[in-house]
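Consider the two complexes below, in which chain A is the common component and chain B and chain C are the respective partners.
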Partner chain A sequence: MSDNTIQQAKASSRILPGQERYVAPAGKVELQDVDSVDESMPATNMWADAWRTLRRNPLFIVSAILIVCIIFVALFPGVFTHRDPNFCQLDHSLEKSSPGHPFGYDTQGCDVFTRTVYGTRTSLSVGILTAILVVIFGSVIGALGGFFGGWVDALLSRFTDIFMAIPMLLGAIVVLQMFRTSGSIWKIVLVLTLFGWTQTSRIARSAVMETKNLEFNTAATALGSTPGRNLLRHIMPNSFASIIVIGTTSLGSYIVSEATLSFLGIGLPTTTVSWGGDISNAQTILRTDPSVLFYPSAALAITVLAFIMMGDAVKDALDPKSRTA
Partner chain B sequence: MSEMNSNNEKSDKLFEMQREQGPILEVKDLKVDFTTGNNHAVHAVRDASFNVYPGQWVAIVGESGSGKSTSAMAVLGLLPGTGHVVGGSIKLEGEEISHYTRKQYEQILGDKMGLVPQDPMSNLNPVWRIGTQVEEALKANHMDISHEKRSKLAQALAGGGVAVKSEDDETFIGSKELPELLKAAQAALNEAGVTGDGAKNKMDYFTKEWVPGSETRWRVADDLIKAGVSDDKAWQIAKQYVTGSTMTDRIAGLLEEAGLPDAATRARQYPHEFSGGMLQRALIAIGLACRPDLLIADEPTSALDVTVQKKILDHLHTLTDELGTAVLFITHDLGLAAERAQHIVVMYKGQVVESGPSLDVLQHPQHPYTKRLVAAAPSLASQRIISAKEHGENADALMEHHAKGEETLEKSEHIITVSHLTKEFKLPRKKEMFKAVDDVSFSVKRGTTLAIVGESGSGKSTVANMVLKLLKPTSGTVTYEGKDISEFEGKSLLDFRRHVQPVFQNPYGSLDPMYSIYRSIEEPLRIHKIGDKKSREQRVRELLDLVKMPQSVMQRYPNELSGGQRQRIAVARAMALNPDVIVCDEAVSALDVLVQDQVLQLLNDLQAERGLSYLFITHDLAVVRQIADEVVVMQKGKLVEHATTDEVFEHPQKQYTKDLLDAIPGGHLQLGLD
Partner chain C sequence: MGKYLLRRILQMIPVVLGTTLLVYALVFALPGDPVKAMFGDKPVNQAVAAQIRAEYNLDKPFIIQYLLFLKNALTLNFGNTFAGQPVIDEIGRAFPVTIKLGLMAFVFEALFGVAFGIVSGLKKGKWYDSVILIVSLLLISVPTFVTGFLGQYFIGVKWRILPVTAGNDPGFIDLLMPAMVLGSASMAYVIRLTRSEVSSNIAEDYVRTARAKGMSNRSVIVRHVLRNSMIPVVTYLGQDLGGLMGGAMISETIFNIHGIGFLTYQSILKGESNMVVSIVTLLTLIFVVCNLVVDMLYAALDPRIRYA
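So, the complex of A and B:
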């Protein structure tokens, strides 16, 4: 004990200037309960957070307004025009715009404005239906492969590779040749899904593989949960963000693909109004009457841009890296 | 005795020097703000003041979010993101640096201030060799690689041995000349009449000490003179054969100094070939490569095992003493701070709440926060926590309870018995199997806590996973209530899961981020189909009360809670099914001391109330003493020692256990005397 006192006495005489004992005055720092919950904070979760981020993003606001308008046009084309898109009079062929016909007429004497308005429904349905099917099909295959691993994964991955190896357009041309006369948009949707699900499947697979190794799955197993339940209740919901992002972003590209196929003449027949078909028809008179080509192309570009912008905004909001831990 | 005197003399001299030179780092009323998205300023550091003198170790202690790292980063000019100094002054060697530009900082970083960062895994570039990364530090500061640079302080302190050393005396040994140097030394020894065993010992000493790129000419001469070679001859040899090192030598020398064995080979390896401790050593070598006067170490050893931590800090201590480097180190560990630093600064909520000589502060804490910290610090002095509930009862009842407890302890059956448990893993690219757990047997008595202690790689978590039936043992059995758990499946497995519950290490990973707290706690009830919606909600409310969380957190998500709060939710979830056994796998390791203490108290209360049995996996022996009745020490998959907690702490039988106990930072210090 005496040793200790000596040492302390010595130590106290040995304090360097500026290193004297300092105790903050009482009341300067308020002492809080250990690890108390801040109940004043608003409750949040990933989706609420994402929504808050989205709401502030001008990219999202612009694209959302555009998409709402586009969907409205697609649902109620009759509000904008009273004419039938297939009602064409050759005597109006290539007439310039006039009151009631703001975009003028094409070679066949059809009203370009009416055809552009009615074309929206085709393009949008193809895009949305394909995106939904791709997300369902792709994520099921990807999730199964990623979750079970081993030979299941090997088999499904090779299956995916086969479809990935076929260029979408080439495959679509081959398949669509068989259903040339059908005017249903479903043939396009199915063909695009058939050759488009691979990317989603890959992303779903890696998302599932990443989530699978997180500790909450082990925790759930130890609570008595089964692997299947883990996949449905824990892994899929946690992987969903990346799948949503890829779904929204590729929606635009499906619309483009439909237009491309219709342009090539193997998509929808001329009896079905679509922007791709109209662009194809207008191509021959591009030099003399560019306006006929301009309107369906512009509509296509705006729609695709709106969806791609939306995809970007959603990606920013849901990106796992920017999420607060 | 004479050595002690000379030590005292040396420290007196050091003290005088320090007072004369003044502080190397002077931080006064430092204010640091972070700006958030909508121009809202978060005050990370408020009016912090502290000094660091040359050759001194100063510790900043505080919990996460206290502003300790932010203060250090402000000194280094490396504030992340939107952080910036908004007031106060930072003086390095008397010069104000807080307004420095990035370019000006580059001038002083490395050369005057060095950094040893917190996480060794992410602070080295994985595609560069270790040596290249050391070389980068040397080249960026245009270091002379053939001569040692000594701080003013070191020069002044070393003055006793050799008079004044000229520039050339600090020339390093080169690896090319080393064999010839050793040959010449051998010849000189013979000439001086030193032969036989004596000469052999001396030569062994030379071979060990004369590291190319690290040992200097005057030291070689000094060693030779001490070995009996005449002054003239010694200096002649030193001048002839010690002619400076190459870059490769210097890199190896630096790594060797930081305590990496076989440094020349190691320098050619990549970070992934190193263990955590080795990476930290490499970072220390980089931090000290340019001989800074001030080394800032941000939790340099927090990610490492205690025995490795002790080795590295011991080494850093000798190294900085020799070089005269001042060290400002950031830690959350009070014991560590008290053991290593002369001066200690306690921070809380961005402010300095107490500072002073470290022993004084820790033994006589005055600020309520420091008192709280000291009270919660798990050191060797602490005893097993006595439940608060028991505290409340009067002394007689307490005695009775204890007596009863001891009685049941003797009589009760073992709720979990592990016998000859072995687990082998197949290693990639290797033929033989790796034995993660090798013939381990122990049993957990009902209503008590058995702790498994070991360092990383000891197989303790593997044991936990086998007990939880999450892993299949290669051989051996685990029995629960006398039944072999490997036979459980379907309904009986569900029943087993109901009675044996885990709490995992990572509070950030063990709760599903998509689940609200309510859903997380309710999940086990759903899985086991217990009750209806209403009764489940009632149960969740009870459980939240049990872990002392407000019921309002039910609708929140894990990302809104702190690590300790999440861990309490995890405990609530584990308690939902009224289990008999809880397996805690490093359940408190990731938490701050105060929060850790709180969770341990909670676990202990639950045990006292409900007679739970715990299997407690941890690397932290200090925590063991607070919670465990029996201890199993594991090393490399094998059971090393198994005894009651008091037995292990007071009479450890095996060397490994002794080493572990010895490595507990501040273990021999008595904290909080009043």
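So, the complex of A and C:
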């Protein structure tokens, strides 16, 4: 606030001492920028706008590069190593790193580098598949409850509460106990979906309830749109942002859950290469050779970190209100 | 308030019934015959087996078994384990340990999470804000069991600051590292949540108004910024208290603590259906009650929320 402005304001009208008010010079008022519309700009929408914000976010760039690399390793593990992850020779047991075997060997004489590379696919598939299923299942249940309200909502909400009250790990162990020998990642994906959809459903429900009362929805109804059309064309697209955010952020936690289950010896059997299983095996030799534990843990942490950073960036882009920096 | 409380308590009933039924059905579907397992390598004596089945209600249809379980659970009679121990005794032995561990982890996560979150949210962009942010991201990305092993290796084995495992009847010092490991990931979430709430609330109009009215910086932060920032944090903490009891399974397994998590894990592996169902019922109750308490706390924190 410059003294000059106050002087001007004082001069223009009679102001008693102690009644000075700050009047910003016209050029300084931020609202003008908002008010002026540049009509030569191409029309934009929420998603194009979000993409423009994302592209400039360093957090997004770093996490996107990491995720692309991780996906590449998961798709083509053969590019990085020519060995079979299950080819182990006991006479190499716990040998230190040597040329061609940068991470050394574990107790069974398996090449740690090869196993870490091949473990990527398991963790990534579990994370991505679970996130997709959770988003589909959770948003359908949540959207139906939020949209129809009344007894439908009451019923679906109690149904959600029931699943929410069971701790994920506990429920997963009880179910997985029945399918111990199966080496398919689908058992993990389905179990994590079964006990993980509730959070997404709650968020979808409140997003739909919020969007339902917005003016454009009333306008659509006034123009003769049916409730079903409203839900699909107007409410769902506008509620989708918060669902995408929770989906991306929780992807990392599904990867952690898979590793935790494999660590407890109840997830994937050792024939399926996974980071969690390898960490669990390395646990017994922690005191003699911690490096065997280090590599799969680091790979796991980097992957989860990449997805959490991506979730943060997507959240910033899709929810401008949360942007504070 | 009283009416709202009553409605919430009535709503809890179907949730608790539904959850126990679901868990009962899942445990019931577990493969393997526990009675057969009790005989080990010896040939199964049909008469004895039938008697055991009758004693544990295993000969009755599923829904009757469930109703009998409910009836007994109301009087805290959860039946016996297959080894003949009353389930309630085993739970009674393990529960105090987990409560102790859970509360220590909770205090750790709430105290440090909120403190670091406030520091970092108030001074966004400073070097210590970046350090706090990076550490919290790392704590979220590294699974609890890896944090546990690293703690055991460095703090326990290499530097010998804290005991490596806890064992039977653990004291405060024994539980310190397990509690920190158990609470570390949640603490990181609390830091991130508090930070984003504080930094967005500090830019709100009411904060500017308070400052313009000449309120001291301290009062603005404590009365306006913090009070408003704490609502989502309290929600998270409340939901997490129930989660900590369930999540204790990992820390208890790593640090060899004979608490509820350890007991549950062993019971699931052994097919002790009675024990599993009883523990899950208790955990569900704790979780539902925690949620109710959190909702009641809202009214205390946010005068706009009044329950009619």
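Going forward, the second predicted complex is superposed on the first by the 281 of 325 C-alpha atoms of A that agree within 3 Å, B and C clash if a C-alpha of one lies under 4 Å from a C-alpha of the other, contacts with A are read in each partner's own complex, and residues count from 1 in each chain.
Criterion: a residue touches a chain if its C-beta (ideal position, glycine included) is under 8 Å from a C-beta of that chain, and two chains touch if they have at least 3 such contacts.
Bear in mind the structure is a predicted one, so any value in this text is a computation, not a measurement.
With both structures placed on the common chain, the touch criterion links A:79 to neither chain B nor chain C. In the superposition on chain A, A:259 makes contact with chain C only, not with chain B.
Of the two partner chains, neither chain B nor chain C is touched by A:152.
Within the superposed three-chain model, A:178 lies in touch with chain C and out of touch with chain B [touch as defined at top].
By the touch criterion defined above, A:305 lies against chain C but remains apart from chain B after alignment on the C-alpha atoms of chain A. Contacts of A:68 after superposition: neither chain B nor chain C is touched. Counting contacts as defined above, chain A residues 324-325 meet chain B in one complex and chain C in the other.
For chain A in complex with chain C, the residues that touch the partner chain are 158-159, 161-163, 165-171, 173-175, 177-178, 252, 256, 259-260, 263-264, 276, 279, 283, 286-287, 290, 293, 297, 300-302, 304-305, 308-309, 322, 324-325.
Per the touch definition, chain A reaches chain B in the complex via residues 8, 11-12, 14-24, 26, 28-31, 34-35, 37, 39, 41, 43-46, 214-216, 218-225, 229, 234, 237-238, 323-325. Those residues of chain B lying in contact with chain A across their complex are 15, 18-19, 23, 26, 51, 53, 56, 343, 348-349, 351-357, 359-361, 366-369, 372, 468, 470, 493-494, 497-498, 501-502, 504-506, 508-514, 516, 523-524, 527-528, 549-550, 552-553, 555-557, 559-562, 564-565, 570, 573, 577, 594-595, 597-598.
Residues of chain C that touch chain A in their complex: 11, 14-16, 18-19, 22-23, 26-27, 29-31, 124-125, 137-138, 140-146, 149, 152-153, 157, 196, 199-200, 203, 242-243, 245-247, 249-250, 253, 264-265, 268-269, 276, 280, 283-284, 287-288.
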